[in-house]
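Both of the next two complexes hold chain A, though its partner changes from chain B to chain C.
Now for the complex of A and B:
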């Protein structure tokens, strides 16, 4: 190994400072857990410090455009670019909130003796997701996906005493195992055809027409299956309602935001880098011949949102309802990709930034209610708006935002998706998506109906919420309301984050 | 006073009221009510100040320089890469002869509705919070000149209305509330889509000469601002303007409500508390027709000219169908609700005439219907509060028991029928004069006069059933009007009589704008014709 390569390795290590921070945090978490045997109070602090440091490093190198871990040619296994950094930042932010959720979650607190592994596994997931959003190599993609999956299987079954929890974990493992197997099959076919696992190299190889054959198309679809399962796109969504319902609420929230965001980042990078031919000045992508990704993703996204929305109409469990709602939102987000333009990616980024807050907020309120009542059934929400007006109003705002009504931020997210669609002249798709929004109103409003319109048989006992919980809810509420009327900073951030390395 | 942002003041005053009420403990019911009354009272005064300062000779409609009380600030301005364009949304308020009448109507009706809300007994604080939020939404729609802003205000009204019907309504309130919400949201998503389409088709020239896409409604009204290949640009031979127009029209028509999108209205009205019925009929229905006049007409004059016959046809169906439905009702409130459908048909018919008399009649009818229907719903509320029933067949002979009440009700009924000397007459007469004067829809107008006959039929029949005949034993304890009810009915009665005797007060207000709009629509024929070969 000559000095040049060693230098390059060291440079690469500099580029993955956030990931290294997370890895160190994992080690410290394990050590703290071992040393402070009975006292688990230190763990959340260590986690938060780790996340803050990682967050600092991400912001520090936000606009870097570089490859890391050179594979011999001019490309590398990892890509550090603004696009990836945005998603890393989102993941770190969501993780920080999840840590705070976990601290106040009753379910998690009841398993105090296993807190060490809980936080360690969360950090395992974070590490996996960070690699996921910056990987440019099929092997790294697969490894990071597995790291995320394996950690989340265990986390989903963390409160193993309850029956539905174990069921959730088992279902998750089976579905996850099958889809990652399918994905691996796709990867092996692509490697067989091209002889490379690097997305950039594959892209330059398939510029020649003889490789653009049906087998290659099928391999692309097989890989999509693996990612589609992570973002719970139909028809790979069947695990979502059961896992979301069974898992502890902080983990459900984590899966619905961070894991989905990482999946989307990976999907966008995979499709764009592998199949791109050129990007025109208008920002529209031209993909390589044989694979009509655009139509494929349009079909998947319409299927996903319609299925999610209609299935949600009949749900009586809040976690299940939010699970189907998150499937529907994956559908809207996929539309941003279906536009196949930079504008669409900007719309996805804006949507995610908003979605993180409103969805986390909704889960937070559901968790706070479940902490007290021990139930997530919609029937137990009757009269909640009167007994605990603060939580009632907060949940109402989050749900209205998820519906996408102004003046909440959810409207801005939807607006940008529709702007991208109309600009690409995909009017029919936009109409279908808008009609879906109207359908979604019904089930979100049903929750409001239970909270404010229905009176329970016996007066619901008012319960107190801790000041910390109130503060956390307010932290979630603020961006949902502020970005609804002033979204300039958000769009500026999105604009600066759409740049993918190389294109 | 010159630079005082009075439109922002009148729009956001209710929000200030909301914030104060938020910190008043909910046991202080009288304080909350009085504060709301104060806020809406100040709104009335502000509306009168606006009226006082209003220049009658300025047209507005599509001409930014002749709008009044303009407030224009940069709200959102995102400069970007070539592919994302520059997104600019202005906080742009202003009024012309069309909107000033609606601002006045909103202020008056909201004030009366606050008085009418006095006997709300459930969760007072929540009620008035929602009420004030609704107030802001309504005012905002009438003063916004930026499409984005307009849309936000438009949607802002949905949620409070849902709660106001859903929590404080009658037995089937939940059904009525969700039906209202789904229907209107369906309408507004169409509006949203057309808004985005228009955004990508029209540009605004900035001070530095650069052209950017815009949400500015006034820029969209100038055909020269359209881009060559925008999907809604008249310059693009493959444009989707007709489809967009229909989508936009349906979005507004749901609010009017125009047949066949009217089915939410009877449900919403029957279940809503009196005050909310008053607001719904008095202000919210006007937003549909206002939207058509403010957005559909000047932005799509080419399509409007082609489709006026259909607008008139639907107006006619509304008139006849609404009247026939009203005739079949046994519920007092449902009858008034269907009479609203019928009366809003007159507005559509007047608008379709595209001449000064017809459009003036339509706008005047919007104002008059707002005040008259408010009165009608209030009188229904009065009897329901006392008798706890609205069945028309349950009553009879009330004229002897409650003579003053009977007097006010008769006045409202006659105004609704269109008796000369009362405000309803003038606007209906103008609508028909206009419609007769316009060649294309004359036949429809002739049939439409049947509506007046039918209107007289069901109104007089209702009077007979409620007030004449022999008084039933169980109603001989009903007290006549109290002070609060006087306070609600007398101002409205005065307006109804005043505008019946001296309609010019209102007509002069809108005259310049209506003339301007008619001229604009007529010019559009040549302007669009020369551009795209009409």
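Now for the complex of A and C:
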């Protein structure tokens, strides 16, 4: 086959410094857990140091455009490009906040003796997600997807004594196992048709018209099942509400942001690299006619957001409500992909940067309340706006931002998606998305009504929040408010990050 | 003496895949559902090796099959641990009875 030059290998290792850092952090976490048997205080510090170093390496090589682990003369198993680096940075940032959440979460604190495995598994997820966003080979895609899944199955049931926790992990493992198995079958068919697992090689092989369209179409859809499950797109979303409600809150927040971001990056890369024919000067993609991805994604995204928004109307549990809301947001994000242009990708990147903060913030407030009251039911939120005004107002801002109302950052995210849709002359789709936003207003505002307008039967006990928690909420609040009025740096970052290797 | 060709392998693999899906849909026992998932993974494995052999695609397919075998083992370990935990908390492994999380 190819002459495998040692220099190639060494150069590739330089390119995956962030991933190597995370791997080393996993080893150190296990060792620290072994050596400091009783003292678990050190683990979050080690995790944070690992994330900071990995983040530094990502920023350091942000604008690199290169293949790592070359399999041929011009392609490789991994791609290091600005697009992937943006998503890696987002994952590292979200993980850092999740570590801070975990330190202040009561659910996690109660299982202190198992903290070692907790942080190790989180790092396993981070490693898998980093490979996911930079993979250009079907083998790497499948392996990284499974690495993320296997770690998250266990994390979803981390506090295993409670009923809902073990149920969440069972449902997650069954749905996840099925969809990844179906995806693997699709991969095997694509391998059979083209004889290659590399996305770039597949792309050049299927440019010729004698490829069997129907088989390839089916295989493409089968692969979409696996990725669609990760981003909780509509027909594959059934696990989302149950797992999000059952899992510990930091893990729920992690799944709803980092794992979803990695899934989206993988989906965009898979569709664009495998099926692209050409990109015109205005940034619109021309895809091969094997699968009509545009119509397919539009149908899936409308289904996803409508289902998510309407199911959320009847929820009385905050975590379940946020789970359905995150399904709806996956629908909006898919619209950015349905535009099939670089502008749409920029809109997705802007949306994700904002969505990370507002969703993390909402989960943080829900967690702080659950720490004190031990409940996430909406009925227990009555009068909260008066007993603890700080948390009430913070949650209100996060929810208004999730709805997408100005002057919060959520408005900017939605605005760019809609602009991309209108530029692509997809007015009908934009109108449907707008109507969906109106529906979502109802259930977000219902939470505010519970907090500020409803009087509780008995006076809600005021509870104090630690200074660290207040600081964390403020850290999440600042970008949500600042990006709402001053978003030029975010847009510039997105414009710099749309470039995928090769196109 | 019949000649065993690619289509024979593909036939076995698609039968295994269908049986896997059938098992997942019809079985109530969580362990049986997991066995259905294993069948799907193995059907994909047969595909990989058959395509690699009959298509002369090199070793990629066989390496992929090896990876999948390892992953299937890891997944089985994790899934069985979760099912064991389910049995401890719910005293049943019937997936239909495990429904405390509902609207």
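Keep this in mind: the second predicted complex is superposed on the first by the 498 of 503 C-alpha atoms of A that agree within 3 Å, B and C clash if a C-alpha of one lies under 4 Å from a C-alpha of the other, contacts with A are read in each partner's own complex, and residues count from 1 in each chain.
Everything that follows uses one rule, which is that a residue touches a chain if its C-beta (ideal position, glycine included) is under 8 Å from a C-beta of that chain, and two chains touch if they have at least 3 such contacts.
As the structure is a prediction and not an experimental result, all values here were calculated from the model.
> Using the touch definition from the top, say if A:252 reaches chain B (first), chain C (second), both or neither.
Neither partner.
> Of the partners chain B and chain C, which touch A:407 in the superposed model: first, second, both, neither?
first
> Is A:449 touching anything from chain B or chain C once the two structures are fitted on A? First, second, both or neither.
In the superposition, A:449 contacts chain B only.
> Is A:188 in contact with chain B, with chain C, with both, or with neither (first, second, both, neither)?
A:188 sits against chain C, while chain B stays out of touch.
> Contact-wise, after the overlay, does A:304 reach chain B, chain C, both or neither (first, second, both, neither)?
neither
> After superposition on the shared chain, which partner residues are touched by A:203: those of chain B (first), chain C (second), both, or neither?
A:203 sits against neither chain B nor chain C.
> Looking at the overlay, what does A:488 touch: chain B (first), chain C (second), both, or neither?
first
> Determine, under the contact definition given at the top, whether A:371 touches first (chain B), second (chain C), both, or neither.
In the superposed model, A:371 contacts neither chain B nor chain C.
> Identify the residues of chain A that lie in both the chain B contact region and the chain C contact region.
In the superposed arrangement, which is not itself an observed complex, chain A uses no residue for both chain B and chain C.
> Tell me, which parts of chain C touch chain A in their complex?
17, 20, 24, 30, 33-34, 36-37, 40-41, 43-45, 47-48, 50-51, 55, 57-61, 63-64, 67-68, 71, 74-75, 78-79, 81-83, 85-86, 88-90, 95, 98-101, 103
> Quick check on the complex: what are the chain B residues that touch chain A?
75-78, 80-84, 87, 123, 151-152, 155-156, 158-159, 162-163, 166-167, 173-174, 177-178, 181-182, 185-186, 189-190, 192-193, 196-197, 199-200, 231, 240
> Over in the complex, which chain A residues touch chain B? Could you list them?
Its residues touching chain B are 281-284, 341-343, 346, 386, 400, 405-407, 411, 415, 418-419, 422-423, 425, 427, 430-431, 434-435, 437-438, 441-442, 445, 448-449, 452-453, 485-488, 491-492, 495.
> Within their complex, state which residues of chain A touch chain C.
Interface residues on the chain A side: 1, 139, 142-143, 146, 150, 153-154, 157, 160-164, 166-171, 173-174, 177-178, 181-182, 184-185, 187-189, 191-192, 195-197, 241-242, 245-246, 311, 314-315, 320.
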